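Below, chain A partners chain B and then partners chain C, in two separate complexes.
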Partner chain A sequence: MRELSVTAEWNSLEPATQFLRSAAVAAGLPEPLQNYVDLILEELFVNITRYAYPDGQAGKVDIQYSVPRPGLLEIEIADQGKYYNPLELESPNLDLALDDRPVGGLGIFLVKQYTESIDYRRDDGWNRVNFRVSAESLLSAT
Partner chain B sequence: MDATNSQEFEVACTPWIDQGVKHIIVDLTALEYVSSMGLRYFVNVGKRLNDGGGTLRLCGVNGIVKQLFQITRLTNVFPMHDTVEAALASV
Partner chain C sequence: MSVTMTNRQVGDVTVIDAAGRITLGEGSSAFRDTIKDLVTKGDKKVLLNLSEVSYIDSSGIGELVSGFTTVSNAGGRLKLLGLTKRVQDLLQITKLYTVFEVFDDEAAGLASFS
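Coming up: the complex of A and B.
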């Protein structure tokens, strides 16, 4: 298990991405699939920076990963912000015409597409999102 | 195009839209990554052009970028072309 703790701000996205890139390399994910790990991290991280902490409060984001076997990553992204379960968001309606489409709302949909499994729990003041990313699930989704 | 830089796309398009340009063609051949934040700005710019009777046209979409446009069915709302020339010919 490896861990990184960063401040919940835009500037932390780059070191967080580098951290999970090293995870993807450790798991032996082929390079084209590593972009999907970047994507999942960004979508979850951006939600935390935007919604978890009140303005001006420098909260933190803890990221952990392990490699149970080659080709499989288990990742947890946790924050101490207000209760927020991203998995409760409604799925976007992808059949709407451009004029009727909301501008956002695709991030968690994308996360669900590219994770093998994902769950959320509220744990003693922490939001904890755990997910698995595998070469097999990414290849079948792409 | 990620959370840190996607807004630059709309900033770049805005003067053209404000001048009354109807169609904008974007060559995405060299774009290697896009997140939902990037998609958000494509949608926003596309809506603004639609409001003026125009279109946002995309070409050269490939790799993960193409896959994200497909999985979000944005391929159904933006005219997609293989090349800039093909996009120009369609306007």
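Coming up: the complex of A and C.
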């Protein structure tokens, strides 16, 4: 298990991305698939920077990963912000005409598509999102 | 690296060569500003070349949709050129691939406006 703790701000996305890129390499994910780990992280991380902490409060984001077997990553992204379960968000209606589609709302949908499994729990003041990413899950989604 | 947008005129079609990352923040706002400028100038035929776009997130996808509707509402057409596999994957998974007109070849994209 490896861990990284960063401040919940936009500038922290780059070190967090580098951290999970090293995770993807450690898991042996093929390079073309590593970009999708970037995407999952970014979508979850940006939500935390936007919504978790009150303006001006420098909260933190903890990221952990492990490699249970080659080709499989288990990742947890946690924050101490207000309760926020991204999995409760309503799925976007992808059958709407372009004119009727809202600009936002696709991020968590994409995260769900590219993860093998994902769950949320509120744990002693922490929002903890755990997910698994595997070569198989990414290949089946791409 | 954020996105860079370079416009060139080919006949009556404006080709936007985008390169870099279209993501939340600077990347997507640069794209939005470029589209608004074109519409303000009255450009109605827009071919967006994404062949050098290495990364796009949900915000970037949203901006593509917004750009499409902005140009359409002004009576124009926005079409896509040269999708990388990543962008193509995202458009397919969000059911947008068949909504946009997409071309692999610039000449074919340009000809489609006539």
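In this text, the second predicted complex is superposed on the first by the 142 of 142 C-alpha atoms of A that agree within 3 Å, B and C clash if a C-alpha of one lies under 4 Å from a C-alpha of the other, contacts with A are read in each partner's own complex, and residues count from 1 in each chain.
What we mean here is this: contacts are C-beta pairs under 8 Å (C-beta built on N, C-alpha and C of every residue); 3 or more make two chains touch, one makes a residue touch a chain.
Since the structure is predicted, the reported quantities are computational estimates derived from the model, not experimental observations.
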Touching partner for A:Asp38 - first (chain B), second (chain C), both, neither: both
Which superposed partner A:Glu90 touches (first chain B, second chain C, both, neither): neither
First, second, both or neither for A:Asp55, with chain B first and chain C second: neither
Touched partner set for A:Gly107, first chain B, second chain C, both or neither: both
First, second, both or neither for A:Asp124, with chain B first and chain C second: neither
Partner chain in contact with A:Asp99 - chain B first, chain C second, else both or neither: both
Footprint overlap on chain A, where chain B in one structure and chain C in the other make contact: 10, 32, 35, 38-39, 42-43, 46, 92, 94-95, 98-99, 101, 103-104, 106-107, 109-110, 113, 142
Residue ranges of chain A in contact with chain B within the complex: 10, 13-14, 32, 35-36, 38-39, 42-43, 45-46, 92, 94-95, 97-99, 101, 103-104, 106-107, 109-110, 113, 142
Interface residues, chain A side, partner chain C - complex: 10, 32, 35, 38-39, 42-43, 46, 92, 94-95, 98-99, 101-107, 109-110, 113, 141-142
Chain A-facing residues of chain C, complex: 23-25, 55, 57-59, 61-63, 65-66, 68-69, 72-73, 85-86, 89-90, 93-96, 99
Sites on chain B touched by chain A in the complex: 2-4, 32-33, 35-37, 39-40, 43-44, 46-47, 50-51, 63-64, 67-68, 71-73, 76-78
